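We call the chains A, B, C, D, E and F, going by the order they appear; numbering starts again at 1 in every chain.
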Amino acid sequence: MADETLPPETWQWLAQASTATVTTQLFKRGLRRMHMVGVRPVSRRRRLMGEALTLRYIPAREDLDVVEVFQNPEHPQRRAIELARPGQVLVIDARGDTRAASAGHILATRLCQRGAAGLVTDGALRDMPAIAEMNFAVYAAAASPAMNLTVHHAVDIGVPIGCGGVPVFPGDVVLGDEEAVVVIPRHLAPEVARDAAEQERLEAFILAKVEGGAPLPGTYPPDAQTLEEYRAWVVARERRPGAPGPA
Amino acid sequence: MADETLPPETWQWLAQASTATVTTQLFKRGLRRMHMVGVRPVSRRRRLMGEALTLRYIPAREDLDVVEVFQNPEHPQRRAIELARPGQVLVIDARGDTRAASAGHILATRLCQRGAAGLVTDGALRDMPAIAEMNFAVYAAAASPAMNLTVHHAVDIGVPIGCGGVPVFPGDVVLGDEEAVVVIPRHLAPEVARDAAEQERLEAFILAKVEGGAPLPGTYPPDAQTLEEYRAWVVARERRPGAPGPA
Amino acid sequence: MADETLPPETWQWLAQASTATVTTQLFKRGLRRMHMVGVRPVSRRRRLMGEALTLRYIPAREDLDVVEVFQNPEHPQRRAIELARPGQVLVIDARGDTRAASAGHILATRLCQRGAAGLVTDGALRDMPAIAEMNFAVYAAAASPAMNLTVHHAVDIGVPIGCGGVPVFPGDVVLGDEEAVVVIPRHLAPEVARDAAEQERLEAFILAKVEGGAPLPGTYPPDAQTLEEYRAWVVARERRPGAPGPA
Amino acid sequence: MADETLPPETWQWLAQASTATVTTQLFKRGLRRMHMVGVRPVSRRRRLMGEALTLRYIPAREDLDVVEVFQNPEHPQRRAIELARPGQVLVIDARGDTRAASAGHILATRLCQRGAAGLVTDGALRDMPAIAEMNFAVYAAAASPAMNLTVHHAVDIGVPIGCGGVPVFPGDVVLGDEEAVVVIPRHLAPEVARDAAEQERLEAFILAKVEGGAPLPGTYPPDAQTLEEYRAWVVARERRPGAPGPA
Amino acid sequence: MADETLPPETWQWLAQASTATVTTQLFKRGLRRMHMVGVRPVSRRRRLMGEALTLRYIPAREDLDVVEVFQNPEHPQRRAIELARPGQVLVIDARGDTRAASAGHILATRLCQRGAAGLVTDGALRDMPAIAEMNFAVYAAAASPAMNLTVHHAVDIGVPIGCGGVPVFPGDVVLGDEEAVVVIPRHLAPEVARDAAEQERLEAFILAKVEGGAPLPGTYPPDAQTLEEYRAWVVARERRPGAPGPA
Amino acid sequence: MADETLPPETWQWLAQASTATVTTQLFKRGLRRMHMVGVRPVSRRRRLMGEALTLRYIPAREDLDVVEVFQNPEHPQRRAIELARPGQVLVIDARGDTRAASAGHILATRLCQRGAAGLVTDGALRDMPAIAEMNFAVYAAAASPAMNLTVHHAVDIGVPIGCGGVPVFPGDVVLGDEEAVVVIPRHLAPEVARDAAEQERLEAFILAKVEGGAPLPGTYPPDAQTLEEYRAWVVARERRPGAPGPA
């Protein structure tokens, strides 16, 4: 669903943007709650970018959620992982329940092997010491050694879910960094990405001025004169190859 | 789905059982978490019994969840109510989020008009003063004057959900009283109902003895002699018309 | 500050509106969080309407907050009460801390004697059994027998505060009913009041139709035909003296 | 342990004091946290006074906490009830865990039969509709239909415990009203009781003045003149038979 | 109590097992809640294994919990540390209250000097910067600079307690790693240890296959063919000296 | 306000004291709650010492808190930063609300440029990856990518506030380390600093003894003999240049 529809520059721009900047762009469009609350990076790789593949859990029932269910290859948790395609992020709605794991090291490894872009849950993960060492972008709310069956029953793949207080529709763009995970509604991704890259460039300029001793008034936010300086700086900078920003 | 499959005596027996007693019967079958946490009766009618019709919410998104959506008669919240059949309980998965209402007085009134058995949400309701006066079994976690669009986006009808920490599958039996709401997996309902009615009868006998000064040892739980007395009491009692218990 | 500026019909209209209806009117104007969370009616009188007089607490410090401070008539808690004018609602920012009381029965009695419209705190109150019997509109988050000095230090009167998660500016309109307390920014009060009264009238009409068996589609929200019926009903109704709604 | 040691007037004075007043007296003696947090009256009788008999729970373990344990009359939960003597209050340390009941209707009935003064738990109770009707002072944090075995394992009787955040030593005086439960260390009970009764009498006088229109300065707290009036009022009042206060 | 009763291979096997694996083995035996919630490793040494020595706290009382109490060498907190024997883990029930420390650097140092295996509390610790550098296994829920007397009163040594939501009996086996602390009932330790070591070996094999590109079906859980491969791998591996697993 | 009033040795002594030690000194003076709860170091520099400059937030209102407000150089958030003087710590009362940032990297950079000693908030910060790298003492309760306008409205500078549950008056001494932030009332700072430095020296001596195998009784707390040894050690140590402690 992803690469054919979203233009490549969307991804290039997003690759330059922090979740803070994207959150500001969403705020400007009236979306105030697209950043997950309580979901943090837990692996060595702390930059996540991809399209949402969703998995939904409900509370476990002791007679249904027994160890034997995993013998069934169609069990939704296992099936979701085998369905994941390159560039997708598996996003799990665990209802914020961290008393047991949403998944563990072997499943994260398989997801990584399939080329997925990452794993996000608002629940816990187990085998955290091993996951912490993975070069795969993994985000979770906590660590718990308990099997997912202890409190979770996997039911659905590919439906709209909530995760960390955010609505996630299949195909939405998921961006993560050291600070947070933010979800960009798919239809807004191109314009948000473009404006976020521009904002990053402007803020890099402002930061340099502040580091040089400039006071906030006139600088942040920039007044007409600062913006003029900025535009000159951009022109000069774009002459260098590989310069960031929405060229 | 309901009346044709569950035998009538299941309902007769359940009508005599408290949620505490049913919870004990579920515990004896290994199910320890079938009672909703934080969901309380809020209307004048405080006895609920029916089959689950489920409705699922995810977090709202400000661009999708605008007042105009209700112009669409297929909006899942409105559609669920118009689908409800006599004897069904509308159970809403509001993710325990009580910052806005799951529904209000007009919708509860329509649901009641359609012959539904009740309304349960692990979120809030609005227009609580009016709902409190209804002769319709309504359970919720809180009151909130805010429209559901403020934090909720309705997505699905008739799928397995979580509500108050309990898994709810469409068609499960939902029982509520002054104390709690408990969910009985449909296939267990007949046997749980029968044993619950029997337990109620036995505990009525035990309570009478304790009120008469009997000590706990030998009485609660009953020893062989107390059980013998109980059986005699049951025989005597059943000669009277209208006596409760699983005849 | 109140009666001379806000037109009398604003108060007449508000007197007909529930907090749920006012919250909807605020939502339509982009204000989604003006209802206090966790603050409930605790006295016999459960209808509150007035203008905010604010009082701010910070955490107590054991060396400053000793019983002797009340010897000083300028202590902000006592001073605020003696400053209250008829029609004002004393709104206390207790940081949501319910481990000790914000005030008690004697202070609530004095506030009532001064003609104030009510008392609201996002903390606790003490002497709740007595306050519950008062014919004075009192709202709080909990009961606590502990003196306010145990956790609170009163600092400011008449400054903008937060209460129950809502910003409250001095002079804002405070409305409470059985369900909630909602704050209306002063400059919006006239239009919100007018539209709320109109919404109440329309919803009374819709409710009557639903109680009569009308399905939701076409009725709630009303389509063109239902609106026409409504207008006819309004005309007929207004011929009666004392009919509510924004005449 | 109780009646022989504590002088009868201690109980007479306490019978006139609210938990708010006793909490103030404890505050004056440097004890700021002797009122239970989150524990509320749940039965018809809402005045509790007695000496603590303690019962301690730890988390349940599924292999130990099975229905069969109650066959053993020495099970600590059952044993504690059969040990209770007239005037004692059974105080249960349930670690604030309300996911299952600490006890239910039959046990509360037996406790009442044994002449106990009341039942307090910082956990939940089951069979709340029946307990609500009892003429026995019962306090709890919540209702839960689940058996105590679901989350609790009873271990100890008669040891110091925590309940509602308060340290409770066997023999401490437990006082409850509509507002709260407060624990008075046994050795402080006589003086706290005396001063609380006096404070109640003074505040009754002050309240009457405030109801009559007196301003706070000079009245609350009372200045020299108000105190003189008060003393005259006390003298006049004591001439009447049955007048309260520490005679 | 420890070394003479538990066979040495139990400890050897446990030394190879993660808390996640042990939690799965306990789940298979019906024990779903033996892992502490909210308790995390805080020192450099993050592998804990030993037998529980328990210490119980209740809430502090300001008149009892004054600095002078530590002059008494029999104060339970200090006494527990001087009682600790090599191989024991001091497990403190701090009721999950992290507002003050359960212990600090000097006490942890003394415990380490006595040869104890570690320190676990569901409360906080103070002097965390120094504790973080210790080569001693320490687990806690938080850091707090406040003395334990601020909120804790130590009462009992060697009694059953709750810690992190888990029942802990003296002599139970306590296992900790980077992820969690799990408690193994003493009588189950030998069989849980054996099966956990075997599970670790099998999962190492499965992980290697998944890292090599194997899909989940047939591999995790393993089907008959994968199990046959595994057995061959075990045979080949056991020919090497020092190979892990329950030989 | 600072350097002219507080004697230089106060700062020298505080520079040697941990927050744990200062908290003990405050406890000895009856102040039990001067350490912030939930506020943690987030930058590379983890030693904070300075005088409080306070900034107060209340909940945001969507019509007031729009991006354009920052065009006004008098916006309190921006103004507070431009007012900060060398040695001051900007302490923000964010009501513990971490759903949005209190500030971000550019503002922290400007504050650092102005010579401020640090930044403390009981809310969140954004741009955490960049702030984590700053050589500026920054403390916060969480990371959030959302702009402060999303939930905060800045109102006041230089008034008493609450932060992390602690009362903070302008000019109070703020001390932070790896463990916590503690606030010392300004008038107590000299004596608390002196006694804290002395306590640090004594505990260094005790720790060395415990590391050498000394038992707790007689050592911690020290008895007469240990204190004598300590005094000899102090004398010997003070002959060395640069020795810490309140010379």
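Basically, contacts are C-beta pairs under 8 Å (C-beta built on N, C-alpha and C of every residue); 3 or more make two chains touch, one makes a residue touch a chain.
From a predicted model like this one, the values you see are computed outputs, not experimental measurements.
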Subject >> Of all other chains, the one whose Cα centre sits farthest from chain C >> reply: E
Original post:
Is the contact between copies chain C and chain D built from the same residues on both sides or from different ones, judged by whether over half of the numbers are shared?
Top reply: different
**OP:** Match interface C-F to one of B-D, D-E or C-D, accepting only the pair for which over half of the contact pairs are the same residue numbers.
**Re:** D-E
Original post:
What angle of turn lays chain B on top of chain D when you fit their CA atoms, given in steps of 5 degrees?
Top reply: 120
**OP:** Take the average of all CA coordinates in chain A, do the same for chain F, and state the distance between these two points in whole angstrom.
**Re:** 33
Subject >> Where chain B and chain F are represented by their mean Cα positions, the distance between them in whole Å >> reply: 52
Original post:
Which residues belonging to chain F are in contact with no fewer than two other chains?
Top reply: 32
**OP:** Mind listing each pair of touching chains for me?
**Re:** A-B, A-E, A-F, B-C, B-D, C-D, C-F, D-E, E-F
Original post:
Can you list the chain B residues touching chain A in their complex?
Top reply: 29-34, 58-64, 95, 153, 155-156, 159-162, 165-168, 185
**OP:** Sort out for me which residues of chain B touch chain D in the complex.
**Re:** 18-20, 22-24, 27-28, 32, 35, 37, 177-180, 182, 203, 206-207, 210-211, 213, 215-218, 220-221
Original post:
What does chain A use to touch chain E in their complex?
Top reply: 67, 70-71, 73, 78, 81-82, 99, 101, 104-107, 109-110, 113, 126-129, 132, 143-147, 149-150
